[in-house]
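Each of the next two complexes has subunit A plus one more chain, namely subunit B in the first and subunit C in the second.
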Partner chain A sequence: MATTIADIRGLSVTFPSKKGTVRAVDAVDLSIEEGSIFGIAGESGCGKTTIGLSLLGMIREPGSVEGTIAVNGKDVTSLRGEERRLFRWKEVSMVFQGAMNSLNPVSSVGEQITEVIIDHTGGTRKEAMNRAADLLRKVRLPSDILRRYPHQLSGGQKQRVVIAMAIALSPKLIIADEPTTALDVVSQEHILRLLKEVVKASGSTVVIISHDLSLIADMCDRLAVMYLGRIVESGRAQDVLSSPAHPYTRALIDSNITLDKRGKKVESIPGYPPSPINLPSNCRFSGRCPFATNECFDSEPPASTLEDGRVVYCYHPRHGNEGK
Partner chain B sequence: MKENETIAMDRVSVRFTSQGRVVPALDDITTTFRLSELVSVVGESGAGKTTLGRALLGLAKPDSGAVMFRGRNIHRLGKREMKDFRKHVQVVFQDPYDVMNPKHVVLDYLSMPLRFISGVSSRADLRSSCSGLLDQVGLEREFLSKYPHQLSGGQKQRIAIARALATEPDFIVADEPTSMLDASAAAGILNLLRKLAAKRGMGYMIITHNMGVAAYASDRIVVMYSGKVVEDSAADDIVNAPRHPYTSVLISHAPLSQRSERKLLAERDGSDADPDATDPWKLSGCRYFARCPRGTEECRKVFPALSTVPGGGSVACWNPLVNDDGSRVS
Partner chain C sequence: MGLSVRFLVRRALYAVLTFFIALLMIFIIPRLIAVSPVEIIAASQQLPPSVIKLLTAQFGLDKPLYIQFLLYIKNVVFTFPPNLGFSYEYYPQSVWSMLVISLPWTLFLVGSSVAVSAFVGTMAGLYAGMNRGKALDKLLTYTSMATQSMPYFWIAIMFQIILAVVLRLFPIGGAISITDTSPVMSLEYIQDVLYHAMLPMITIVVATTPVYAIIMRNTLADIIREDYMVAGEAKGLRKSRLYYKYGLRNGILPIVSLIAVHFGYVVGGALLVEIVFSYPGVGTLLFNAILSHDYPMIQGVFYILGITVIGANFIADLIYSYIDPRIRYS
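For the complex of A and B:
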């Protein structure tokens, strides 16, 4: 059995607001196998980015974290100061959403990559430069990019630079938050293929966070679908996409506008998710669910495990194409 | 349909100067859109699709050529006629948050075009007109007193559409109306636009990088690359039998419900080539040459004109994926 690289138990992340406490993530358990590609899917505001930030130990005051997060055997919540600084990049790194805008506009690509390397490994500037050139080769960029500034690069090139930085110190875990949303379709494909290759070559584990379920199903071994701070379904990516068991997963897939939907009517999910302040104690999707019954409105459904090992939080999980 | 119910571009070029060189964001574009037409303009970032929309709206002034609305050059209109043009052709932007004043409630935002373009002035009239607009986009009148930060992305986009409807336009240009939205909200917005178009006999242009969105929402698709229109055809043809090599690459990369079923077409790998030799702006021939899997010497030298192909539609390519009898090159 593969070892677990990241283990999250009972994680809740809350932020105070004028109207009350926002529970961005609410009692989530998650375990990610070493060397796998794991996907977290869901709509904006479901808490998927917050989980990514939690894995990096980046939830800041006034946000507060409950539960345990272990990455590579280290308790992330107890890391402080210098220890935490070294933990980032070296053990866990993150490719942020819109990462192309996270590069420093006034320093060259080479300076930015070598800064990370020198800061964490000591070493000379020359060694770091060689390492940086090597990294650029890995992400298939010509080495003269080192001398260039971010504004001289295309979106796809910048995204490759950011990926090069994320793998610079061979971290055990790389978190990629919407790594391709800002790119056009052809570069998207190149970046995803690259990410997959890099992971295979280095043996790192990758967590991909995206609202695009089909992208996640294509890239990932396993995935978790989130709704309003909770995981509603998790399992093998292909199983979840080909026969979603939770009505929310199904609705999410059906509402995605794809080329094969031309001439068909795509239904959006009716209504809006409830507020993350004062979370309901029943099923969170019940108000928008076409299959909801009295028990769904009364209490929160417990986890049930399907034959293929999938875990679903629903009183009425779908099987196959039933109810479509 | 009346003969001049169109908005058209006649040899329109719009140039920008960037890092000391002139970049033609739109290069000699001639095309006509019926005001009742449902059309999408597709291309990657930098293709010139936003500039095309802005030129149609009169927001980007052509360096040469003319934009004609109902047969008249929009840059030769008098002040009052220009106001009238704005009434007929409206716009919805990508990120509605950018254009909404955070200190104004929805009522203020929706009132503006009514006051300044349609000349409604009494508070009671404004209120009832604005509630009517909200109703058309599927929002309750309670939204009149909300601030932008109290709205979800989908709700904001609905309000932007309501504002565009305020002047009862004939045609709406929507620039990436769904790219900031979740899948479900995006479907809601496109369904709304389609419903409004059918109900009001109105047409629209959706500018998008997403071929799936274009195929879902329109009858005609214009594909742009580096300031040029490379294919302009019925949406069914674009989806099922794209004729330009670039269109067929885009179609092969477009999202499918079962992503694993896609058969991706490769482009020529230009990453090792001399950047100057592959810079689309420096080529005298086809701009897509450096990436094109079907490129020949001819393509390098002379830019192919947009011309009709057997089977209908227009393509700018020396080697389109179509035979003389209209069948598709396999």
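For the complex of A and C:
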């Protein structure tokens, strides 16, 4: 029986705005098993990144967090001050979306890797430098990169530096937020392989946040699909992707461009998601769902568990799979 | 360090070119005034035409304009000390000898005030910017609004009335009270100088500190949203590192430019303050020169001003390249 490394219960993250309160994440339950690779999929603005930041205790004011987040037995939402500072990166680290901009432009790579080691473990600069060179070797970068500045590196090199930084303190959990979006296809492939390898070696648990289902299919054991701040379907990645139960998951798969679909029409999802301000109290996907019935427009569907252990929030799970 | 030589050479050439354009303007502007100095002398003294011709030749005004300019360049650039001519007002004192007396006072006054306000303002702006919407941030925003709506000279006059006239804490004006003794670096002399400089300094500091603070704060407002700041926070770095290596290092470039600009105020900004406190600096010199139509003196002050501004900007460029590796290696 695998242990749970991260457990999220009833998580809601809200941000006040001029037009009203934005519910970026709404009543989400998630549990992530130790040593697994967990995927969170969904389109832009569905709350994927916000969940990632919540796991680090990084929701800035005026945003507010409700519910509980337990990582490695620690309640993240109650951490404050020095305790929170030391929790960050030591327990949970992150490969940020757009690694290009997540490096400090005025510091060298060496400084940026060593500073995190020094600020957490208090060792000497020399020890930290040796460790940094070690980390670069792990991500297959030559050690002279340590003296370089971010603007002197290529996109792929920066991404490797960011990964090296994420594993610097051997954290329990690594969140990779769109780890390959800004890279060309060849580098994407390299980075993913590297990420998988590095993670396996370190024994960390990884959460991959992406809109790219083929990437998630490639990498993840389990998967949660999000729509407008809610999880609509979650289960084993293989099950979810081979026979999606929620119409939104189905639509997301159909809109994905892959080589084996060459010649076929790529389906886009009609309409736009409703505004995260004043969320509807019915099924959030009902306005765009081809299978929506009256009850979908009236009330929110409860969770139902399918025979393969998958959880889906839909009145008509598996609808529309026939004939596909 | 790997400072790019090409960058240095390019900046130096740019500074030299700017200096020559400045000289050209300093040279041309008085010549745009239709009346020549010879005519002024002739009108007041009823001189015969032969003497007028002689004077014109002596001033070099009979030569073509470009020869006059070359002579001017030779005098102010390739002669040391620069031959800036004689003051009309304080004849036979040369313009240079007057500048040499006034310049140290202004450099001392403006230099120390700018150093204090740049440091205090930047730090206040850094803490306000990193703690947006908190008490210090609000205090800073309101005080800067208040001081920026008050003119320089008005602040000077208020300080003079309250601190010097009413409370008698500081002298009303001047730079030293012991004029008879030679400026030996005795403790008394230094005390006296500081005592006299205090009010003009406070005025400049009060007027310019909020400018630094607000610029730093507003630069940080953009920087704090950058991915690398979020990443820095997520990395659980110490607060001091986040403030200085992330916030300050990335937000300080506009501050460096502002310091260079404020050095341009060696004359401009300090002018009114110097006049209010009768401080014997370059500002007062310029003010008196304008009142008495002392053209060589005015030209001399602009010459010094040009060198200061261009020099300060060149140094700012060097500091830029030291701070920002993207400039250093470009």
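One rule holds for everything that comes next: the second predicted complex is superposed on the first by the 317 of 324 C-alpha atoms of A that agree within 3 Å, B and C clash if a C-alpha of one lies under 4 Å from a C-alpha of the other, contacts with A are read in each partner's own complex, and residues count from 1 in each chain.
Operating definition for what follows: a residue touches a chain if its C-beta (ideal position, glycine included) is under 8 Å from a C-beta of that chain, and two chains touch if they have at least 3 such contacts.
All figures in this text were calculated on a predicted structure; none of them were measured in a lab.
Enquirer: Using the overlay on subunit A, decide if subunit B and subunit C clash or can fit next to each other.
Expert: With subunit A aligned, subunit B clears subunit C, so fit.
Enquirer: After lining up the shared chain so the two structures overlap, which partner does A:20 touch, if you call subunit B first and subunit C second: first, second, both or neither?
Expert: neither
Enquirer: Does the superposition put A:89 against subunit B (first), subunit C (second), both, or neither?
Expert: Second partner only, subunit C.
Enquirer: For the combined three-chain view, what is the angle at the C-alpha centre of subunit A formed with the C-alpha centres of subunit B and subunit C, to the nearest 10°?
Expert: Value: 70 degrees, nearest 10.
Enquirer: Quick check on the superposed pair: does A:267 touch subunit B, subunit C, both, or neither? Answer first, second, both or neither.
Expert: first
Enquirer: Which partner does A:98 reach: the first (subunit B), the second (subunit C), both, or neither?
Expert: In the superposition, A:98 touches subunit C alone.
Enquirer: With both complexes superposed on chain A, which partner does A:10 reach: first (subunit B), second (subunit C), both or neither?
Expert: Touch partners of A:10: none, neither subunit B nor subunit C.
Enquirer: With the two structures laid over each other on chain A, which partner does A:203 touch: subunit B (first), subunit C (second), both, or neither?
Expert: Neither partner.
Enquirer: By the touch definition at the top of the document, which applies to A:290: first (subunit B), second (subunit C), both, or neither?
Expert: Neither subunit B nor subunit C is touched by A:290.
Enquirer: How far apart, in Å, are the nearest Cα atoms of subunit B and subunit C after the overlay?
Expert: 6
Enquirer: Shared contact residues on subunit A for subunit B and subunit C?
Expert: In subunit A, no position sits in both the subunit B and subunit C interfaces.
Enquirer: With touch defined as at the start, can you tell me which subunit C residues reach subunit A in the complex?
Expert: Listed in rising order, the residues are 226-228, 230-239, 241, 245-246, 249-250, 323-326, 329.
Enquirer: Which of the residues in subunit A come into contact with subunit C in the complex?
Expert: Those in contact with subunit C are residues 53, 56, 58, 84-90, 93-94, 96-98, 101-108, 111, 115-116, 119-120, 149, 151-152, 165.
Enquirer: Help me check something: in the complex, which residues belonging to subunit A touch subunit B?
Expert: 43-44, 140, 142, 155, 184-189, 211-212, 214-215, 217-218, 238, 241-242, 251-253, 255-262, 265-269, 272
Enquirer: Could you list, by residue number, the parts of subunit B that touch subunit A in their complex?
Expert: Subunit B residues touching subunit A: 44-45, 152-153, 178, 182-188, 190-191, 209-213, 215-216, 235-236, 239, 249-251, 253-260, 264, 267, 271-272.
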